[in-house]
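Following are the structures in question.
Next come two complexes built around chain A: one with chain B, the other with chain C.
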Partner chain A sequence: MKAHWPILIVALPLIMSFVTFMTGICYRAAAYHLTVITAAFSTFIAICLFIQVIVEGMTISYHIGGWEPPWGIEYAVDHLNALVLLATSLIGLLTIIHSRKIVAREIGGEKTHIFYALVLLQITGLLGMTVTSDVFNLYVLLEIASFSAYGLIAVGRKGAEFAALRYMIFGTVGAGAYLLGVGYLYILTGSLNMSDLLRLLSNLYGSPTLLAGLLFILLGLAIKMAAFPLHGWLPDAYSQAPASTSTLLAPLFTKVVAYVIIRICFTVFHPSFALHTYPLIPIMGAIVGVGIIVMGVMAIAQSDIRRMLCYIVIAEVGYIILGLAAGNRLGMIGAILHIVYDMFMMALLFNAWATIYEHLKSSHISAWRGISKKYPLEVATFILGGLSVIGIPPFCGFFSKWFIILGLVEGGKWFLLATLLLSTLLAAVCFFRILEQTSLTHGSNTMDDRSEKKTSLSEGVVLASLSAFLIILGAVSGYLVSFIEKIPFLGAL
Partner chain B sequence: MVKDPDDIIVRTVARFMIPIIQLFSLYVYVHGHISPGGGFQGGCILAASFILISLAFNIGEAKKILSGRKNLLFIGLGVFIYAFTGLVPLFVQGNFLDYQHLSQFLPLDPVMARYYGVALVELGVQITVMAVMISLFQDLVTAGRHESILKDRENGIDR
Partner chain C sequence: MPGYITLLPLTAIFLPFVGAALIILTGERKPNLRESWTIVTSFGTFIAITSLIPYVLNGQTVECHIVEIYRGLHLKLKVDAFGLIFALLSSALWFIVSLYTIGYMRSLKEHNQTRFFAAFSIAMGGAIGVALSADLLTQYMFYEILTVSTYPLVAHKESPEARRAGRKYLAYLMGGAVFILFAMAMLYTCEGSLDFHPGGMIEQEGRGQLYRITFLSFLLGFGTKAAIMPLHEWLPSAMIAPTPVSALLHAVAVVKAGVFCVLRVLLYIYGPESLKTLELSFALALIVSLTIIGANVIAITQDNLKQRLAFSTINNLSIIILGALLLNPVSTLGAMLHLVSHGFLKITLFMCAGAIFVQEGKEMVSQMGGIGKKMPYTMAAFTVGALGLIGIPPIIGFLSKWFLCLGAIEVQRTGFLLIFLTSALLDAVYFLPIIYHAFFQRSVEGANINQEAPFLLLLPLMGTAIFSIVFFFFPNFLFHFQELADGASKSIFEGWRK
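Up next is the complex of A and B:
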């Protein structure tokens, strides 16, 4: 079975998604357990693949249907996506465990099994996008992830249908643009396999068709990852969605698409093409650089805490682009490190938020006044996540940001450096405001103690382990950097 | 309240056409490898026959043949057949979806094993596509209320 891990990590959640759906029609209570078992198994496979990549030190390639790569679909695990696979599946598992009670209350009754089937389909799409080495297969999996996301968002409170519809229109335009770009590449080369495309494109870099293809692909992915001017769908979609959906989607989806941008720009094309021949990534970096300041200001302006976090998500994804725009080794390492770290930081923030929201039934900042006496641990984990996003040293957020800053300094991108530092300041304002409201202000709301609810053990364990991860990941970032440095394309920078 | 269509010509033609449409869908499915067609197209045609039942008779008649629950089961079943067929070769040293390895425990040579493997996968596609098409149609015409709309009709409630 060991040889089949790359396909099983995608095929198992897919098949289990429909098994969950079918058993749910007869026996609904099993849905949660099936989902957790599947997510745990995906995490196990991801760990095995990660270890295998470390031990063997080379790309693990898998040919679906036994067809050789340029003709058949190839799944490949290398140093870049082994890391993303591990983070994605682990956070998926922790989030599903955490949101059990929330799903039971929010979705409840008849739709539980459908919700869990969509959750598994979402994980299928995200893991598939990460593991695939075929640009068209990537499109299919991107759409699997997107369509399950539309469904997951639309079951939310009033207004969620509209937000999901808007997201769907944006998302379909994005996916269409991506597919158009892939079509251009296919016309030029007749191939869809990533490593084959890299080889075939090597003497085509003057072609305007190729430039148009990459432009369309970048446009499509920028919409999907909510890069600054195209982020309009995200705050509405993620803040109208059920709490259990936003805890799953917000940490994972945009970051996996950011990984796809790295995969396409630097392993399908020669790294210098999008950086120097046509400075597409630096231009994108400059736009996003303005964007992260705007997003920081928007985040401060929000009175709803989940909406504030949504703007922080957009700003955080912007940092990844800034790291790429630096155009050197350090910036790239920072960007890849930030993809992984940001998944954990956002997972902690959203899960801690969901726990408190479950108790207070309100996400408005005024309802959070002085709650740290009542819910000290929940608030502490939330603040801890916030400190990590700001980039306070012992936590992991500092290290990825540090590498991005080093990259920007080395590349002489002073404007981007200024925007990044200013945005950090704005994030600090955001989280210190929450710290002040929850911990330093005396609660004016006189909620009677009877309505007080206890955080369940599993929720507490998830929050504690995510907090521990933020510190551990910070501590091991040296090892992670030496792992990331083995990615082949970094040598070409 | 919309009355059920009570047209003898439509009903008779539909009665005559539905088996032919279903037979044709199987033809499209089996011939997928040498002519335009396959599971998706066959599934669409099969779904069209059920949609014709609900148009020529009424949605209740169609629901009697294939209830909403069964239809949902079919959606899952089709994908399950697809993925399960893909997983079987893993147990006999093959890759995912590598059907030629089915020949190791079926009385077939590798080429025919691949042929029947694809046919099985396409069967899964056909079932899922049919069920999804029917489901989409019924979602639209009953405004997502399915069986409950029939009860309302029996009780004379018009919404």
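Up next is the complex of A and C:
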């Protein structure tokens, strides 16, 4: 059983997705419970894999169907993705628990089981992208995640169908570009396995075909991760989606794709290829550097809080690219740390937002005026997440940002450093504005006590535990860093 | 040294945070219980810190590693003489002021008291954390906690004006924090460490320009909190906060934390040698001299008492920095002592201003004619504070200024000696009229006797006034301030070994 964990973590949600759908037809109430149990089990497996990686200190490789790697599909868990797996599955679990009431209201009784089936497919895709070490299999899982995302978004309010359609067009172009790139690599080498590719490609680094392949792959992934200026789909898609969808997608999807970029650029290719031979990552970093400023300004310009958060998501993903663009150990550590930390921060922000949105039925900033008296826990956790995004220690967001800054200083990337610091200030404006509106302004009287709804215990527990995670993760940064430092390719930097 | 001693600094820092949590949990339902948390935690913190004195006086440093982040990067605490001075000052005054705060907030029936007391407690935790940090990273963490927790206190009134003051406060301090972050990253990249070391820790040979930029960046960062002109603008605006906030935070904890950090950078990161060779000390000394004079000139023009006190604070903060910049043991001793004396004196003045506001509703100096007859004890304490700041014996303010002037003479900087003296003169120009009018002018509304402030307000302000006189005669009374400052400055100027 233990030997099969790398496949189980993907196969289980996939199978359970169909089970949930089928059971849901006759017994709808079971959908939620099945989903939670599945997500909990995935988390359990992720924890076990994480511990196994720590104990064994090496890559856990799994050959699907017993086929040896270059021919069969290989799933592998190493120091790079064990953390991402753990964070993804844990946040998936917490978010699903949190959104029970919201799903019941938003989606309605008839469709809940379909919704939960899609949620499980989404988790399948995300975990699969993280664990696979086969570039084509990665494409398949990326599309599983994307298609379930299109579905999850389209059930939203008026305008969601259009946003989902737009996302689908963008996303399909991205997926196509990625597949094209994979095709180039396949033509050159005849292999799809990552470690095999690394070996085979090493004497082809002069080839223009190879460069074109990587370019297509990067383009595709950049669209999927909403890297500036290819981010156009994200604010609409995530802010028109049902609240329960955006709480699941926003923290996870873009970050997992960012992980895939690291995986492809630094373990399929030699790390110096995309950094120095052809400075693709630094160029991307420069563009994204401008982007995080633009996104910061856009975030400030929003009056809808979820939309504001969407722009923050894009800026935060940009930090990861900045860390990579630093081109050294410290920057890389910061980027990987930021993937994990940002998942937690965004999960907290979106979940806290969704809770408040459920009460107020409005996401407009003016509706949030003076609500901290009525919803102290919800507002406090939201602000906490905000402080972490700004980078106030001891919350975890500071530590990842700190490593990225160290990396940029060491690499002498002054322009990127300036954009990062400036964007910190822009984030501060966003969140302190909300703090001011919610806590330091008298509430308007239109919000009477007629809609006296209480946050349920499970929602409160999820918010509190996510907040606790922000502090705990900050405190254990040192251990995580020493864990991340064991990633083999960091030695080549 | 018994093992549990290393836990004391940790306790001292965590107690205020625990207190804040208890305050929030208790809430508005049981105000007496809530206020008792403030008193209990402030007293506990105070005890924890005072019990560290003997060890530090013996020349020991108490260290406590919390967690390692990366090679050479830790979150760790260390109690040395300089840190202990600031921690003692903050915690002692916090305990005294907590009584005053309760009296003040209740007399005025302020709203949102839970938030107020909780944020207050967190801010104190931040200030003590700044004092006891062993390296820049830890210090930055507490510095930021201090910044954020003070924001709701500045905007406490929830009026548009208060919110504007809050925004201004944040804009200055968050902007400054970014520069600190940058400077820390530069320092770490060059030195591979951020630890404080008496007499400096940098190896600046061949990296002069780099370290000048870093220094400027540190200055832009910590200088905002230390209210060095032209980065001072937020402080007078922040006076809109309730008076206990102005008293403890904007005269002691927050701004002193800024000065403390500047001094840490000057003396424990750069060190006298590097400051001299990089030609930084003189340039900065000029800037703070301008601040010293400029702030006092502006103070003369202010009619609002709290504004006037705010500019006087700006003046005194720069005096402390100038003292350290003269780079000799005597003036550094004076600077550290002035940190203490200004703390005690200014808090007395602010508490008096608050008591007057509570009793009479008056904020303007021009309305305060004859107030000495109505509130004799309050105004007596005010007189002690004002005379002390001018530098008249037998009040501790004289002592610190005396050392500062001695230091200026020792390094033969007559110009800076003149700055100290002129500043004292200007102090007299704006403080003495207040005292004169209070006691010798007839009140406009007729003198109804016995309008003295309530006991809870009177006790703390009398206490700090008496302490400032006692400290003149016995500078080592209870807290050993002078011995500590002496030890700290000696370690800086003799401990230059690297």
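Definition applied: the second predicted complex is superposed on the first by the 491 of 493 C-alpha atoms of A that agree within 3 Å, B and C clash if a C-alpha of one lies under 4 Å from a C-alpha of the other, contacts with A are read in each partner's own complex, and residues count from 1 in each chain.
Rule of thumb we're sticking to: a residue touches a chain if its C-beta (ideal position, glycine included) is under 8 Å from a C-beta of that chain, and two chains touch if they have at least 3 such contacts.
Given the structure is predicted, the values throughout are model-derived calculations rather than measurements.
After alignment on the shared chain A, the placement of chain B and chain C results in a side-by-side fit free of clashes. By the touch criterion defined above, A:432 lies against chain C but remains apart from chain B after alignment on the C-alpha atoms of chain A. Panel annotation: after superposition on the shared chain A, the angle at the CA centre of chain A between chain B and chain C (CA centres) reads 160 degrees, nearest 10. Of the two partner chains placed by superposition, only chain C is touched by A:421; chain B is not. Using the contact criterion defined above for the overlaid structures, shared-chain residue A:63 touches chain B, although it does not reach chain C.
Greater residue coverage of chain A by touch, when chain B is weighed against chain C, goes to C.
After overlaying the two complexes on the shared chain, residue contacts for A:109 are found with neither chain B nor chain C. By the touch criterion defined above, A:19 lies against chain B but remains apart from chain C after alignment on the C-alpha atoms of chain A. In the superposition on chain A, A:208 makes contact with neither chain B nor chain C. After superposing the two complexes on chain A, the closest approach between C-alpha atoms of chain B and chain C comes to 40 Å.
Remark: chain C residues 67-70, 75, 115, 137, 140-141, 144-145, 148, 151-152, 155-156, 158, 162-163, 166-167, 170, 174-175, 178, 181-182, 185-186, 188-189 touch chain A in the complex. Residues of chain A that touch chain B in their complex: 1, 4, 7-8, 11, 14-15, 18-19, 21-22, 25, 62-66.
Touching chain A in their complex are the following residues of chain B: 69, 72-73, 75-77, 79-80, 83-84, 86-87, 90, 94-100. On the chain A side of its complex with chain C, the touching residues are 387, 390-394, 398-399, 402-403, 405-406, 408-410, 417, 421-422, 424-425, 428, 432, 435-436, 439-442, 475-478, 481.
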